[in-house]
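Below you'll find the structures, each written out as structure tokens.
Next come two complexes, and both contain chain A; in the first it sits with chain B, in the second with chain C.
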Partner chain A sequence: MSESSRWLAALWRPFSQTRRAETFTAYALILPALIGFSLFYALPTIRALELSFTDWNMMRPPKFIGFDNYVKLWHDGRFWNGMKLSLYYVLLNIPLQTAIGLFLAVAMDRLTRSIFVRSVVLLPYLLSNVLVALIWLWMLDPLLGVVNHLITSLGLDRQAFLGSPNQALATVAGINIWRHMGLVAMLFLAGLQNIPRNLYEAAMVEGATEWQMFRHITLPLLRPVMVFVLVTSVTGSFQIFDTIAVTTAGGPQDSTNVIVYYIITNAFSFNKMGYASAMSMVLAAVMVLYTLIQMRVMRASDSDLA
Partner chain B sequence: MKRTTLWVALGLASSFGTAQAVEVKYMLWDANQLPAYQQCATDFQAKNPDITIKITQAGWNDYWTAITTGFVSGTAPDVFTNHLAKYPEFAKNEQLVDLAPMIARDKLDAGAYEAGLYEVWGRDGKQYGLPKDWDTIAFIVNMDMAKQAGVSLDDLNNMDWNPKDGGSFEKVVRKLSVDEAGNNATSDKFDKSKVKTFGFQTPGGGGMMGQTEWSYFAVSDGWKFHDKVWDNNYYYDDPKLVETISYLAGLPDKGISAPYEQTKSLGPDAMFVGGKVAMIPQGSWMISYFKDNAKFPTAWVPLPKGPSGKRATMFNGLADSIWVGSKVQDQAWQWVKYLGSADCQSVVAAKGVVFPAIKGMADKAMATQKAAGVDSSAFITMSKEQTFLAPIGDNGSQVDDIIKTAFESIYIGKADAAATLKDANANAKVNELGK
Partner chain C sequence: MLQSFSLFRLVCWIILALILAVTLAPFWIVIKTALMHSADVFTHSTDLWPNDATVVNFKRVLGLMSTEESIKAGGSGAKVNFSLAMFNSFVFTGLIVIIQTASAAASAYAFARLRFPGRNVIFGLFVASMMIPGVVTFIPNFILIRDLGWLNSMLGMIAPFCLMQGFSVFFLRQFFISLPKELEEAAYLEGASYFYIFWKIAIPLSITPLITIATLIGINMWNEFLWPFLVAKDESHQVLTVALQSFKSQTPQGQPDWTGLMAAISISILPTIGLLLLFGRNVVESVQFSGGK
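Coming up: the complex of A and B.
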């Protein structure tokens, strides 16, 4: 029996009085989130699904056109280019961000309990996305920015960063790694502190090296946290928009015209709300599929500690 | 600060107004112009105690999103400042009130505005906006750098340009381009890999209008966007434009402009203020920006004469439009009429932020700027040379996107200008764009 059917069966199992009371409390606690979810996610999604079958420029009533928008996006090179760029972005962004976050977490766990250090690590994440993007836009400016000033004073060539079609996407990824690594580190740190210390003590008695302990104790026991980090950061990263809107506006030469930016351009610049909705639906489907696969592969709900 | 003042002013105005006053919502994007129009609103309310004007200002991008989503939600402003690149689509989708009947009824004189400003806001006998201001393009020069380079104001005022050798324009630009060793670009010793200050910087590609980027060079070479407004058969593949763009794209290779990929982020305005470039093109709406931000003596000079023997500039203007969904269209029209009247435009002129649309008022704006220490006569000079209008056609935002991407390929990707523009022009003509 699959996990989901077991879960469904559990739901219909006759409850004892206390179980009923508990269930009531549980739903009451979920309710605020559920209202928010329905109002701001579920309803707009249903509406967008509806719109994805229409031709709508926001100024005239929507016209039903069946699957035309979906057929169109299948043949739209810029849609696939956007999907491809978003995927590249995830590959540029996630491995490094996760690795740095994990390294920082392990280092903090081993070396310090200082609140100050943790605050500093988390600081970039506390700044607004737009602010972070603006700070880096100025710092990375080829002619006026401090980064190129350092590069050229070392006798190296000036780098265009956000202005170059070859570097722009990687630069955006770099900016967001800087912003997010602190948060990832905090999540891992919380996970690390759940790992019983006696496991390490036992390992040390057996003469395990630091790397062996990391590989065979820390990493496996961090799996639930790892799944959470990967699912949320990959879906978030695939939907990168804000940094690009501030720094490159999809350019140069479409090199950062990632899928969400392309969708927004269609919706609010070209006034093609129906087409934009259809693309959003495809994107959402891809994300759901990814999440299911990820949960399956990583056996997210099982913990090795249980 | 400006906003606070506005809200206080509005608060006072509304508390003194009569309880039955009808509210007309007005929106604009340029924060610099807000004080002038707030003054107009105050004057208007004094004359029309039954109408209250509520002004909202939002930055360019948010502005257009707010307007279009407002059409759907029913919250769009009754009156809003409109732009030539945006209004055709609104008009086509019947979102704008045709002002022609009211103009005829109230016997407004379209001839009161500077030539062409009224006409560009009309199509097939309908009128979608009443002109409020105009702008032209000129160069702004860092006069400290000009002095050091031995370039006089007279030299700058009398430049000519051609796409073959750049004419006296390029000679001036070469003198203004200086490397780290102090050699300028007229010298053989000039090291173009170590340029300290560049002579000239265009903002690069630009979209379909190329208003501050390339349109004035191309038109002074005998090029045109299309035969008439609303004609979607553009000439972006014309050899005249190809040679102009090839010339401009080649400036960084000579070391007299920075490579486009290095200027894309912050743009020439920041470079100019930061002392990295001696001369840049800009529009008259930026006069006060440079007055406030450039910490060195500057001069506005007319654009160079092209092979046609004339200087050329886009002559662009904003107008106020009324939304069809407005429930107070009569009051909205009173406000639009007032915005386009001599009463309001003289207030705008006195603030010196933009040149008003009514004939003769520009001199007043120039006098204000002169008193503030800025000689803006170059823009007036340009308005009397060969002026051309912005290209107006359907699906502007998509055509703009196509042309922008094509220019980026030429400037950054070093793509062949003729082939790239041929493709772009073909794509821009496609009738499928709107679908």
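Coming up: the complex of A and C.
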């Protein structure tokens, strides 16, 4: 220890001064994070709320218009279409992704701890949405893509996938299931490895089947991981943007114009900053509400193992 | 009972093999396309093997060929330089990883160990910030960065991410709370200052979780698209994700420049593969750890 800090410590020994030193050090330590939080989270959130009550195209100064933006979005069919599409998207994406991830995790837990296998399974998640979207844009190309080649060689009809208003959203969901199933599997696998083996041994002695063990031991004890996976993947999925920006740009015929894509185009293509902010406020309210309900319903914090 | 058990293992193997095949197959398609002449795309796009392999696509997306040569080889004539984008991605990710990890460690330690007025309120706000959708803050942040004159600058690109991210603080705080207090208390009785204890005792004991959070920040930032897309469209500051998207949309009507695009993608994947080869165990375990113990 340096001479000076020994000296300072001696000086700050009396209780109130110790407390003062503690407070001072604490604020010094949180200062950078506090600046980042204030400048780039707290103030912008307040600013967004403020902007949501204005009409602003970034050229002239913002004009206060009260609740007009909120009234407008209430009657804006494309806003509700965006909300509806984001919800559909979550339903197309999450159940299948979670199920595949869970079964993959159970399979890996039984078969292998190989770091090579785990790396391969995780690989798609380590690549950006943009990159993954471009790979699939090529593979799903209606004329040249390998997927349509496979389909036609099986004697089935060519599919438009991203080019079809009926298939585009589901196709985007499929692309993201490909990217995320390994991540979900890895998270579940970590949870599985914390379940004491003797529970399964005891169940086997009792003659339980694999399905019974999965249903009555694995699933209940995975609850904390399940909550984490569901909260993060549902909120992330509802805010899908990157893949859509790269593959469909909201089309065809608005069939993938999900809420975040609609907000971003309003803000940065049409310069409707006030209107976009109002929509983002509604989105934020929905996301916060969902997170709180989900945590409440699934009692996130307490584990059955504790 | 034994029979159903082995049947179960067989099913497990089938699931695993299928998933591995589905995961790996697209990479072969990407590499194979990247090695094709662009003229062959229309006739040989579904071959399993490039019939006349070439590295010309790699050369042109790395900016190693003149515009005329590259148009002749099937390029759109758009200026592309993925080596610059790769460099920008490294700087962007590296700066955020270093600054955010340091800032998160410092504040997480204060939240975990020190008593100070406002501690619970501030920490609560940090955690709550995780629930706010990115699109809410991106609009005012964009305006702030524009007003500061930081558009198309590295400063503007890293600013919103580098100082605070709720998850990093939350994650490291959990770790510091779980750390046994004895060493720190002993040092305190010896007369060490709080900062000394943080820097010389707590930090050296936290190398593993620090690497974990740095890895997670790194993965997220390497893949970030929307923010750099909004503030750094200029070619000199494009990161890989933005460069890939703009390369795709620069191509004229009709088909994108598939072979060039796949070459660019192959190059963009290399750092990830390298990371997995060098630190595979660390990366996988970091991600697994992010869901809580």
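Here, the second predicted complex is superposed on the first by the 266 of 306 C-alpha atoms of A that agree within 3 Å, B and C clash if a C-alpha of one lies under 4 Å from a C-alpha of the other, contacts with A are read in each partner's own complex, and residues count from 1 in each chain.
Definition applied: a contact is a pair of C-beta atoms (placed from the backbone, for glycine too) under 8 Å apart; a residue touches a chain by one contact, two chains touch by 3 or more.
What you see is a predicted model, and the numbers here were worked out from it, not measured in a lab.
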Given the touch rule stated above, what does A:138 touch, chain B (first), chain C (second), both, or neither?
both
So, does A:281 touch the first partner chain B, the second partner chain C, both, or neither?
second
After superposition on the shared chain, which partner residues are touched by A:111: those of chain B (first), chain C (second), both, or neither?
second
Looking at A:251 after the superposition, I want to know if it touches chain B, chain C, both of them or none. Which is it: first, second, both, neither?
first
Which partner does A:57 reach: the first (chain B), the second (chain C), both, or neither?
first
Check whether A:99 is in contact with chain B, with chain C, with both or with neither, and answer first, second, both or neither.
neither
First (chain B), second (chain C), both or neither touched by A:156:
neither
Quick check for you: in the superposed arrangement, does A:268 touch first (chain B), second (chain C), both or neither?
both
Chain B versus chain C as contact partner of A:91, first or second or both or neither
neither
Which partner reaches more residues of chain A, chain B or chain C?
C
Check chain A for residues that touch chain B in one structure and chain C in the other, and list them.
58, 137-138, 141, 144, 268
In their shared complex, at which residues does chain B touch chain A?
64-65, 68-69, 71-72, 89-90, 93-95, 258-266, 270-271, 274, 276, 395, 397-398, 401, 404-405, 408-409, 412-413, 435
Quick check: in the complex, which residue numbers of chain A touch chain C?
1, 5-6, 8-10, 12-13, 19, 21-23, 25-30, 32-37, 39-45, 47-48, 51, 58, 100, 103-104, 106-108, 110-112, 115-131, 134-139, 141, 144-146, 149, 178, 181-183, 186-187, 189-191, 194, 204, 207, 209-210, 224-225, 228-229, 235, 239, 241-242, 245-246, 260, 263-264, 267-268, 273, 276-277, 280-281, 283-284, 287-288, 291
Complex contacts: residues of chain A adjacent to chain B
55, 57-60, 137-138, 140-144, 158, 160-165, 247, 251-254, 265, 268-271
Listed in rising order, the residues of chain C that touch chain A in the complex are 1, 4-5, 8-9, 11-13, 15-16, 19-20, 22-24, 26, 29-30, 33, 41-42, 45-46, 99, 102-104, 106-107, 109-111, 114-117, 119, 122, 125-126, 129, 131-137, 139-144, 159-160, 162-164, 169, 190-196, 198, 219, 222-226, 229-230, 240-241, 244-245, 248, 255-256, 258, 261-262, 265, 268-269, 272, 275-276, 280-281, 283-284, 287-293
